[in-house]
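Below are two complexes that have subunit A in common, paired first with subunit B and then with subunit C.
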Partner chain A sequence: MTSRFPGYDVLAKRNTLSWNEPTRRAIDKRIAVPPGPRFFSVTEWETLCAVCARIVPQPRDRPPVPLPAYVDEKMFENQSDGYRFAELPPQGEAWKTGLAAIEAEAQAAHRAGFHELAATEQDALLRRMQKGELDGPPWRGMPSALFFNKHVLHDIVSAYYAHPTAWSEIGWAGPASPRGFVRLDKGMRDPWEATEAYPGKEDKARRENQRVV
Partner chain B sequence: MKTTAPPLARLMHATRDDVRHSPRLREASQPIEPVAATPAAGPVRLLHAAAAILGGSVLFDSAVEHYRGSFQNRAMFLPPISAMLNIGSSAHGIASRDTDAHPLRSLSYVASLAIGALGAGFHLYNVTKRVGGFGWQNLFYGAPLGAPAALALSGVVGLAADRIAANEKHTGEATLLGLPAGRTLAALTSLGLMGTVSEAGLMHFRGNFQNPAMYLPVTLPPVAAGVLAGAALRPTRRSRKAAKTWLGVTSVLGVAGVALHCYGVSRAMGGWRNWRQNVVDGPPIPAPPSFTGLALAGLAALTLIERASR
Partner chain C sequence: MSSDRPVADPFARPRAAQGRAPDVFERGGWTSMREYRDDEAVDFVIVGTGAGGGTLATRLAEKGFSVVALDAGPYFRPLDDFASDETEQNKLYWTDNRIVEGNDWMIMGGKNSGKSVGGSTVHFAMVSLRFRPEWFKARTSLGYGVDWPIDWREMWGYYRQAELALSISGPVTYPWGPKRPRYPYRAHPVNAAGMILAKGAEAMGMSWTPTPLATVSAPHGKSPPCVYRGFCRFGCSTNAKQSALVVWIPRAVAAGAEIRDLAMVGRVETDAAGLATGVHYMREGTWRFQKARNVVVAGYAVETPRLLLMSASDKFPDGLANSSGLVGKNLMTQPNQAVFGDVEEEIRWSKAPPSTTITEHWNYDDRKDFHGGYCWMGQGPLPIEWASVQAGSRGLWGDALVQNMKNYNHCVGVKMVGEAMADENNRVTLADETDQYGLPITRIHYSWTDNDKALIAHGLDQMEHSMRAAGVRNTFRQEQDANHLGGTARMGDDPRASVVDADCRSWDIRNLWVCDGSVFPTVGGVNPSLTIQAVALRTADRIEALAQRGEL
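After this line comes the complex of A and B, so read on.
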């Protein structure tokens, strides 16, 4: 996959004026996420890893963002979103129920663990969950579509875009602390922001992205 | 005519007869006639200085603000260039022994007047094309309408200097636009001060007057503008003295504003270390000296009024 922001690494800003000590501390802590699992059982963890790989497939040419570890950490430390849908149990319970149910659906349909299925089979199962078609006893009355939207998508995608690897990929400059943004109109960028590569101008963007600090 | 001075020793020992018979010595012994300095030379120089200060304010302010705008439009290079030319012209006007107008100088001033007017039009277009059109939000955050006016004012003040000098030299009377120079200039300066007050008021209102010092440029210069207009309408000794005091206060305010804006930059997140953001995003450091420039123009007007009333 060709990068839209070639040569841009948001972590190169770590020791520049763009970031201060609290910012560095926060991001260091985020990168140093414990590998897990601390909250989930081994079976749940295997299922979670397989779900994450289907929700946000990652390129092989760079270290992946450890998505299951972030979901596990969020549940382990009970970092709540501050709200809960009335139809859903508390987030930890929802995830445990959901993962067990996904695993049970895989066993029922394919006589294999979810993580052992082919990607297409996994996708088919996830799609049925997204449409709310899964409502057997393992779900314990939890609406599968709501679980998919409010936890599977929300927690995994949030974890992905909270990681510097994703920031480099989308050309985001990282936390605006202390240095924020000045040029806010469309098509404008500050000198400390990534340069987007336009077709045929990739090398120019790559050169400019070496200088982004 | 160029003459070489005879050696001092020869002059000192020359007898009356020597002088009578030597044309060179006769010429050299004549009392030196001073270069005919017109009475307006002082205020004219002050006006050039005022134009230079206004030009300096515009040069740095427009350079920083248009850099922020990434010079998206080529025309955004014009104001810093024009301001620079005005500074050169004003420096020439101050240094020049000849108190007459100078065509190139006047051309630079006229150009800045035109570019200022054009810029005001561009800035108005920028404000109206934004979502929501002409309204407070866009007046606050769009291109500032008052900034190009400062460039035009630099041109007006410089032109006034040239016109007053030329009229005085050729007609013996310090006039401007066919009117008494001092009073006309005082009126122009009062208007310019009030325009600058509006700009500062708009920006400081946007900044919620979060520092009490932000009230100063919307309270002191209007008084100066008022008493200056008063001195123009009723030129008495007392009115001139009041105007002089308040214009002095206003000129100091312009300098103090620079220091206060520097303080403002230091207060923004990251402070001066984060200057690449905060100088661009924080209070404009080069803007306040516009008050100093206009105050000097006002002082020049007062001197001219005083001379006319003698």
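After this line comes the complex of A and C, so read on.
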């Protein structure tokens, strides 16, 4: 897949005025996330890995953002969002119940584990969960759509876009303290921001992006 | 003073201790702080140090009262402690568990509550607006809600005081409402996202203006001018933002107030005479008791009713200040829906404060078939928030999400802050579960009223029209979002229909006060922080006047 921001790596700015020390500490720690699982069982982990790969599919030509590890870490450390829906159990229990239910749905429909299904089958099952069409006994009364929206989507998507790899992918400037920005007008870019590759100008964009510091 | 030794973890143990408090302007810096003994009855113990408590603590200390202000959260030094990062800065939020229920769950955490010295102002988006004058008499003037027991002309003076204290950067001439002086600091430049709002407003014949913001456009004291990082909702790491942490708290400490961080108040104690005697609070693993002649609860519209309800006694079995039965009821948030889309040009909307322009048109135009009003503002969500909107509002995931996110630099949007109606069914109650302090957690029940739904529908239509008129493509609506709190300890003229009087003094317990957004009888269609601070400034003056007359 050709990048829209060829050659742009937000981490190249790590030692510039755009990253203060607390930012470097936070991002270093994030990149060094323990591989896991520490919270989930081996079976749950297999399902989680497969779910993450469908919620945020990642290109094969770069190291993946270890999404299951972030979900596992959040549950292991019980990092709270500050609220819980009355219809849902505490987040760790919700995830364990949900992953077991996804696995049970896969077994019931395909006589195979969720992680063994083809991507289209996995997506079909996830879409049914999103619509709240899954409500059998394995769900233990937990509304599957609510679980999907508030835990599956929320936790996995938040983990992905917390990662520098994703910031580079979308051409976001990333951390900006203390330097901040100067050019705020339409079409204006500070030299420490990504350049987008427009058709026929990919090489120019790549050169600009390699100068981003 | 500053020192080179490594900065200690602000969560590990209190920083404000041994006669000193952090100097928020210096790396590793300290400033001397007066301290009081627990058994020394101070004039005022204040629970919470945000827009309400921080402001009131400052003014009371400056008037010569002895003040101890407690906050459950840590005492940050932004230069040492704040990263440029959405996730890391979750540490600013009140993320202790709450149970949310009802038709329209109120999402807690970062949207509406802070847990640090300075409270939610540490992560607020700095939008500093005055109420429309008629809102203070909404029932009499506009036919809905209830009247405030305060006159807008009096509030106008306190708004001005707050704007001067916060060095608000804003326009020379404000397009709506009665004449007001020019803002103390020049308006910030309008970013590309803000220009789209302007274009859309003009196409619809509406006025717009640079948003009055509590971040300085030129140096002020030890605050440097804003550098347009765009991480405002995640804590300002340069101290340009005029939060309570950098504006009020240093003044409070300088005037002799004691700030206690990592001090969670679990109970307001009352005596046989029915007066408050002080507060029980947990600090460094121990429950302690601070004696006080007056107690001020300033924990915002969830923690304030929680504390009043948790403090029930034999004499006050339904909780303190609750003879009206209204503590915890009439919880209000504000509709915070948005319309987003994209344009051909690169906008890079995350640069500069999230909202550099605003239109209050529908706060001042009453030609509509519902009560209340709303404004809308430019937007610049950072990637996690933006991805959450894509996933949450459009149901996008998989390749669709990943591809859409690559258009980040071309996205634009506007977001409303609207006036929700008070409804007694929307409320904060205590749950059976307990938290890490052993205190009952809250259950927050919320559903939009029919009027709220009509207001939201109108707002979404108007915003979408404006975006299309500005040439925005692929517009979509974020239909579910809410922000800000109010209403759970409303002020009024009648003890049977309100919790506190115009001076924020509880009707039932005359030395118990509430000073935060909880006292709002109506929330209006603008962000509440400036009004909370203006009410706190007024309360301080009223307390001084009452004290001089021997009526405290």
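FYI, the second predicted complex is superposed on the first by the 213 of 213 C-alpha atoms of A that agree within 3 Å, B and C clash if a C-alpha of one lies under 4 Å from a C-alpha of the other, contacts with A are read in each partner's own complex, and residues count from 1 in each chain.
The definition used in the following text is that contacts are C-beta pairs under 8 Å (C-beta built on N, C-alpha and C of every residue); 3 or more make two chains touch, one makes a residue touch a chain.
Not measured: the values here are computed from a predicted model.
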Side-by-side fit of subunit B and subunit C on subunit A, or clash: clash
Which of subunit B and subunit C A:Ala26 touches, first, second, both or neither: second
Contacts of A:Gly180 with subunit B and subunit C, given as first, second, both or neither: both
Touched partner set for A:Pro57, first subunit B, second subunit C, both or neither: second
Which partner reaches more residues of subunit A (counting touched residues only), subunit B or subunit C: C
Contacts of A:Gly136 with subunit B and subunit C, given as first, second, both or neither: neither
Touching partner for A:Leu17 - first (subunit B), second (subunit C), both, neither: first
First, second, both or neither for A:Pro191, with subunit B first and subunit C second: first
Which of subunit B and subunit C A:Pro35 touches, first, second, both or neither: neither
Listed stretches 202-210, 220-228, 238-246 or 292-300 of subunit B, narrowed to the one that overlaps subunit C: 202-210
Overlapping contact positions on subunit A, where the subunit C interface meets the subunit B interface: 20, 177-180, 182-183, 188
Residues of subunit C that touch subunit A when the two form their complex: 80-88, 90, 93-101, 105-110, 113, 189-192, 195, 226-231, 237-238, 345-348, 350-352, 382-384, 386-388, 391-392, 395, 397-399, 401-402, 405-406, 408-409, 443-444
Touching residues (chain side subunit A, partner subunit C) in the complex: 4, 18-20, 22-23, 25-27, 30, 54-57, 79-87, 123, 126, 130, 149, 153-154, 157-158, 160-162, 166-167, 169-189, 193-194, 196
Touching residues (chain side subunit B, partner subunit A) in the complex: 68-70, 72, 269-270, 273-274, 276-277, 280-281
Interfacial residue positions of subunit A with respect to subunit B in the complex: 17, 20, 177-180, 182-183, 188, 190-192
